[in-house]
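Across the two complexes that follow, subunit A remains constant while its partner is subunit B and subsequently subunit C.
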Partner chain A sequence: MTTTEAVPRTAGTAPEISRAHTLRQVLHVQSFQILLVLMVIFLAFTALAPDVFPTWGNVRQIIQNVSILGVLGIGMTFVIVTSGIDLSVGSNLVFSGVVAAKVMQAMGDSGWETAIVGILVAVGCGLGWGLLNGVLIAKAKVPPLIVTLGTLGGALGLAQVITGGVDIREVPAVLQDTIGYGNVPGTTWPTISLIAMVLILIFGTVLHRTRFGLYTFAVGSNEESARRVGVKVDRQLISIYALSGGLAGVAGILSLSQYGTTAIAGQSATNLNVIAAVVIGGTSLFGGVGTIFGTVIGLFIPAVLQNGFVIVGIQPFWQQVAVGAVLVLAVYVDQRRRAAAARGQSAKPDGKKKLYGRRSN
Partner chain B sequence: MTTIPVLEARGLTRSFGNVRALDCVDFDVNAGEVVALIGDNGAGKSTLVKALSGNLALDSGKILFAGGEVELTSPSHASSLGIETVYQDLALAPHLNAAQNMFLGREIPKPGFQGRLGFMDNRTMRAKSREAFDELGATVRSLSDPVGSMSGGQKQAIAIARAVAWAKGVIFLDEPTAALGVVQTKNVLETIRRVRDKGVGVVFISHSMPHVIDVADRVQVLRLGRRVATYEAKKTTVEELVGAMTGALDGAHS
Partner chain C sequence: MKLTPKATLLAAALLAATSLTACAGGSASAGSSAGDQPKLTFIQGVAGDEFYVSMQCGIDAAAKAAGATINTQGPAKFDPTLQKPIVDSVVASQPDAILIAPTDVAAMQAPLKAAAAAGIKVILVDTTVQDPSFAASAIASDNKGGGLEAFKAIKNLSPNGGKVLVISTDPGVSTADARVAGFEEGAKADSTFQYLGVQYSHNDPAEAARLVSAALAKDPDIVGVFAANTFAAEGTATGIRQAGKQNQVKIVGFDAGPAQVKQLKEGIVQALIAQEPASIGTQGVEQALKAIKGEPTEKEIQTGFKQITADNISGDGAKYVYKSSC
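Moving on to the complex of A and B:
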């Protein structure tokens, strides 16, 4: 967690900010509020199980568990900031893993050459699905919910067609030994988490510091205004869904390395878990607001709850109940904030956008 | 008039289904001139502005920029010619701050390698935004708050400042005073004169006849998708304009 602190927190603001802005930032940024929630949860479990819970071994376990979801969460944050959604990430992960496993199986040996080909194949597959999503959403104007629901089914179905529904369990040893459950040499830091962290830092910077990131917020904030000032909205959307897909490909190879199997049936709730984390982290489903930092915190809450419940001897199923409650609460807070923002302006409120459900403000 | 208009429309036609929003409409504006474009609701004012700012494909007709025929394919194409528009709905991104809105689509990259990676020179953009707002006399409290939390007047000021900063040829203002108070309205009218004096052609759409007569040099009246009359603002009256808009004066001219 300490390492993710480095990710900038607010949308595209530069470091030289006024005091008033800093105050506003701290009080209003949901990712900060959610960080407090995470700290409270962490302290509670520490108090309940001081010998087991706060040890490095246990924390390391938690960090390792969220790494793959973290990679998916990056792309999902970009997508949701544009007020889109990507349901296909889990299936895309499976498909990319399956194709990569097939190719590596066919190559036969288990050295780095095979592994690198496998990595490229997985990322390529992921990008492919992402591009398909992006083109259908940006050019064919099919709503993202529907497009990615379609590719969710398509990618998973094709993965099962390719394998006949039987998981492939041959994964090159180098992948398993290094990326899978290896540590960064000389440390006890899991390699898979280092990979996730590097990606988080890179794309956190892209989202919060670069023009690409600014355009991502602009598209989510007011697509029409972005279009009018000459932002290439279609290309931006396609790039973002391709990014989400490509990262799902990366997650595919990571999952393959970690579990040593394609785990076709194991990712059916991955998309929802990632979306929940992004939303808990303060990214608005209505677009225009969000941080990668928040997403990371949003991923740790379910993971810490799961881990903590097991340790203190509560049925881990309670984790789902708790996460559900936190999720609804997070969206409630977001709605309250949007309503407050709408009241604060004398002109037409920007609350025109409705999402999948009812809103009453 | 012997000067070549900076922007001229000839015989623009556009139908939406059975509705002829623009029916062979002509329009022209010279550099350094304020032209008021008036007409009743549905007369085609906003449609005409969309057509002239690259936001609308035409069925037929010609657009001439500084005497040369152009086909405005997109808003950014129009911008590149120096045609800027302040829309009725302002078209700001509510979650971005004033400076980000000001430079959206025209960000200043950081010098050198960082710039090529997509990093932006926020400091310069903020300074230039501040300059532009000050020049307008606009009170924009904060450059780093999202504009969605600002008042209608402040948003208006940002939208106008953005258009003024980039307009080199023509600026369209679609009901810029509709949401404003007395003082702010005066500021906007003042701004319009100042922009005109810089040599930019200003097209001012309004329902407020006193403002029109106050600030415009010429008034062009649209009705049912056509230009039905053009007046010298100094030699016309509110009654005459309203008559032309509603058609009560039909037969009395041209």
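Moving on to the complex of A and C:
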């Protein structure tokens, strides 16, 4: 099924050209459309609540609330591009937060030194779970769904063992004041969002502009082909799951800063929300296709929908219906595009013509 | 007509936008016709739970009587990471007052304090936060008293004493923790009873059933279980049934949703400790309106309990049963 796409990308003769082509193609096909959907939703709510919805204060809240999911979304995009899945991110986040909180609690003071140790511990814990996922998937050949389902339970269970199930609420004040609720000095831009944005830019570049990113796409398109042209597939997979885990650790410290509690009982739906965002953003669950940009847009669609629904005063249950519909629609579009690609990509220019044709009517 | 993905997506987006406009039209016009009537928002701990529905009924009725508009929102799960974005969005919509059941004492502190700082009156209903000094009023059941009441109910059912267990929801939920503390205090003060501690079912009936089965395997002579909320009670009953010990183990549940009342009528649960969510809601609206007008409010209000058993369920206990719709 994927051979027509995989061959040009993994051939290795002219990776720069083929990758640039792929990037452009993907941007044109789905991320751009999804951006259009986001804009339509935004404009609809702007029309409904012109005094409240399009204000910077409100948009700032949306951006702030999406930031933690954004950090998780980076790793998830890498993982799903390899046609894998990481269900453990939410539990990993909680575990990293718990261990970091425990260490910081033991150190006692609430200054930057403690906070930095906490950050390192959290990232370390996340990385550890990620490595475990990666090794089990790449070396032991256990399917990613099962491995990460296992670590989902394992990480959450251990977090509960460590704390006795009781949330730790002693978080250094510097973390809460600067990262959690602080702004970038001189602006009203939330620090937590700046951190997420920097990470998104770094790893967006890694995925779309480096050899590591190219190999990630290669593994996702066709693992066997990638292996045959000399990509160290096992090492690539382990690195990617470790990346996802490490970012979950970062998200753990961000969550700790923002909520001031380890929120052990929370984050239960985080993994699915992130996966939904990645898929809405045009990353294919079958691997080989995806953009970080799309994931960011995919995160904003549910967030803007929820925000708008609350402001307009629509029953909360409808929010889930709307997000579910967008998700299914996104996957449907992905399937259509894949079918078109298999037929030789003839459907694309046609589609463009029809789009403009209908608009003018 | 052949639909291309792009056209499909655009059509769907337009459809979504128009339907959004359509269904929002009603509530928007209701809001604008309200004029200078107070605008209230109620944020539930979790959407669709009978306890919060009953509270919503009380709030709706009180708001209607006072001519205030009310917008009810709630997260899909009892989870601070899901509730915070809702709170932020509500604050952006600038209601006159927020009635909220916070899902975590620490996580909801900062967002609600920010709401109060933005000039919105905050009324805490049922649950609370670490430092509720910013709130105009905090209205809740005396949960510790409720836990003690639950112990008394078990004592009535098993006067000879024995081993007792608590199945709670999640640690860190202020109301559930207080119920457990009240029960523990009562059980430890009475030498005929042996307190086996608390297990957490994470709001999952299946988990509660597993915990109770395991506890019965370890201590087959348990005489009573206090299930601290709706889901815990459902699961506890299942676990005891699986072990075939319905006659030996007495269950006292907290809350009186339709499922618990059914269990009570069937004899699976022997007593229920009912709160008064509608009364919490009504008083919440009263305090909110006072706060908006600038009148003094009562900082802390405690509402009562009702012990419901098979004897009074068709009598004076009936009105304490929670509603699944108004």
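As a working rule, the second predicted complex is superposed on the first by the 316 of 361 C-alpha atoms of A that agree within 3 Å, B and C clash if a C-alpha of one lies under 4 Å from a C-alpha of the other, contacts with A are read in each partner's own complex, and residues count from 1 in each chain.
Note that in this section contacts are C-beta pairs under 8 Å (C-beta built on N, C-alpha and C of every residue); 3 or more make two chains touch, one makes a residue touch a chain.
Quick caveat, the model's predicted, so the values are computed rather than measured.
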Given the touch rule stated above, what does A:341 touch, subunit B (first), subunit C (second), both, or neither?
-> first
Kindly classify A:169 by the partners it touches after superposition: subunit B alone (first), subunit C alone (second), both, or neither?
-> second
When the two structures are overlaid on chain A, which partner does A:269 contact: first (subunit B), second (subunit C), both, or neither?
-> second
Given the touch rule stated above, what does A:312 touch, subunit B (first), subunit C (second), both, or neither?
-> second
Identify the partner contact of A:209: answer first if only subunit B is touched, second if only subunit C is, both if each is, neither if none is.
-> first
Using the superposition described at the top, determine whether subunit B or subunit C touches more residues of subunit A.
-> C
Determine, under the contact definition given at the top, whether A:141 touches first (subunit B), second (subunit C), both, or neither.
-> neither
Touch check for A:227: first (subunit B), second (subunit C), both, or neither?
-> first
So, does A:217 touch the first partner subunit B, the second partner subunit C, both, or neither?
-> first
Dual-contact residues of subunit A (subunit B, subunit C) 347, 350
In their shared complex, at which residues does subunit A touch subunit B?
-> 11-14, 16-18, 20-21, 24, 206, 209-212, 214, 217-218, 220-222, 224-231, 287-289, 341, 344-348, 350
Would you tell me which residues of subunit A are touching subunit C in their complex?
-> 29, 33-34, 36-37, 40-41, 43-45, 47-49, 52-53, 55, 57-58, 61-62, 64-65, 164-167, 169, 176, 180-181, 255, 258-261, 263-270, 303, 306-308, 310-318, 320, 322, 325-326, 329, 332-333, 336-337, 340, 347, 350-352, 354-355, 358
Residue ranges of subunit B touching subunit A (in the complex, touch as defined) = 55, 74-76, 79, 85, 87, 89-97, 100, 104-107, 109, 117-120, 122-123, 126, 142, 144-146, 148-153, 155, 179
In the complex, subunit C residues that touch subunit A = 4-10, 12-14, 16-17, 20-21, 23-24, 27-28, 31, 47-48, 71-82, 84-86, 88-94, 104-107, 109-110, 130, 170-173, 200, 202
